[in-house]
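Everything on this sheet refers to the single structure shown next.
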């Protein structure tokens, strides 16, 4: 092959990448929402209605907020309310709105070494895990789930430390894979768990405690801080999510008949 | 563990009867990694040739640095390119983050040291043979470099393949600068990472097998091309 | 035999004169040239002879400006040898050919040095390689490869042609073909300096002989004087095929 042919091939290879006629936005979001399959269900509905393509970058909440703070996104959709409110207070987002919730669950092996299966009391369950020295795999990555986990440990009065406590520093799915491999308990959001394909003998051990409530919020990135932000398209997306139509769509996403997310946006007069 | 059996069955099915999503992902993988390979050859080959024909103070240090850069972790490259292309970064105005172009850049940064260092090695060996003749002919440095690259082309194809192989197999860099966005920046490796994180291990492994089949096909194609070129050269 | 496929020298051009004065050169701590002094001011073919390891090839490289001596001066018509490389061509003992066709090897130097590229075919015909123009140069036999190297050297229109044992380990037919090309170049006015330790070749080609021993010139004479009346024991033994160390 001559150099000229190679150059030609390169031009052909890169040419289609430059053409992006339709409008698109970038949503910085979390691995838990992406791994649950929610976006695969939701986005075609929105794109079909508006023609706006939504590109989701799925990382931990901490990194999603950092990326959005660098102006590398138009909308932020995460689950760590204090950090979200700080983001808005710093002027990086225009407004934070409750969007939907689900809940966290603790999953564990059938052997149940800490004897917590069937519990509805997360604080007692975490104490039992610590007392039994049963393995617990943590995200350890500053994600929304990790932040929630740290709040729960604090409420339980336990400083998680020792051989049994194993921060993986990875996403939700990776932490589940690791935890299941080690026979460790894992705190996960319910949606990811329902959609997870490598459950082996794992079951939900703890669920249904009010403290395990998992609230998601949506925040358009502030154009005053980030001039390149696609204000209208971004606002169209967050408005649609919060509208009765979007909320209905969220409620409609089910796996095996189980609803994964529960919309709870404030009712607006339309 | 039944995942292995499932994976091979699934991979076999995918190769025989690819879904449009899979074709899209495979196409993007090839487009990104081949473009990155080409870009890194355009930079790395002349750089390697220059280092092969020149002697200057500090050259040893440059070679050590170049060899060390061959071991750059992809995730570090991804981070550097992310920081450069981020809206908050120096090249943010280009709006390239989370596009295939950003992925090409990141992979090119990753493999250019490999192409440069390996081609330096190949061409320096060749230069030992040619240097006196070139000096006798009073060739300029550029003429020498071009002739070396042309005469070393067979070995350099292997160098380019090594670069392509590393690019198409890496996940850390494209994950950060591409964002693994469905239908936009999702490539084989990030799709594998995603399926793994979803616990779909058989599907992830099946994609891995498809990736290996593609790598094999690319290598075989290049090998075939080379054999043909050599045969033509011998019988012209 | 005269041949005009390469441009003959303008008769008014100054003839090439070489001055090497008290040249010393060591390689890897071993002295190779040890106070070599040599003046070449005669046109035609000068043959450098002498036992192996006596510095003939290194002397040739110094004349061509490929290397610099440790001490001493090498001037061509008053110019340092390092500035005169362009006016010369050197043919190595083992020809270094590019991995492309025979014709492309010639075209490469014509293009690189801004020569007339239409001459390539005539140059190949001159060395008897016209029929092999499209073949890969690397597939040529030893004698053919050396003839191609000569054609490439002539493509440079050199005023001085330096030859470093160009026929070592070639068959007699190839040696004859190459000697004819060298004689044609000499007849066209090119100054030739030939390194050889083939006494027969030296007798056939030399107009004058420089005999080197232990890194110095020990004899420098017209060929017609040197062969019948060598002045030193080393030269006498060498000519008569005895081993000289």
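Letters A, B and C name the chains as they come in the text, with residue numbers starting at 1 for each one.
Note that a contact is a pair of C-beta atoms (placed from the backbone, for glycine too) under 8 Å apart; a residue touches a chain by one contact, two chains touch by 3 or more.
A quick note: this is a predicted structure, and the numbers were derived from the prediction, not measured.
By C-beta pair count, the most extensively touching chains are A-B.
Averaging the CA coordinates per chain and comparing them to the mean over all protein CA atoms picks out B as nearest.
Greatest centre-to-centre distance from subunit A is found for C, with centres as Cα means.
Centre-to-centre separation of subunit B and subunit C, using mean CA positions: 47 Å.
The mean-CA centres of subunit A and subunit C are about 78 angstrom from one another, to the nearest whole unit. Mean C-alpha position of subunit A lies 32 Å from that of subunit B.
Shared interface positions of subunit B, defined as residues touching 2 or more other chains, are absent.
Residue ranges of subunit C in contact with subunit B, taken from their complex: 61, 64, 66, 85-86, 88-90, 92, 96, 98-101, 108-109, 112-113, 134-136, 139, 156.
Residue ranges on subunit B touching subunit C, taken from their complex, read 129-130, 132-133, 135-140, 143, 147, 150-151, 233-234, 236. The touching residues of subunit A, counted against subunit B in their complex, run 1, 6, 9-10, 13-14, 17-18, 24, 26, 31, 34-35, 39-40, 53, 55-58, 67, 69-72, 170-174, 176-177, 195-199, 226, 228. Residues 31, 34-35, 38-39, 86-89, 92-93, 95, 97-101, 104, 179-182, 184-185, 194, 196-201, 203, 225 of subunit B are the ones touching subunit A in the complex.
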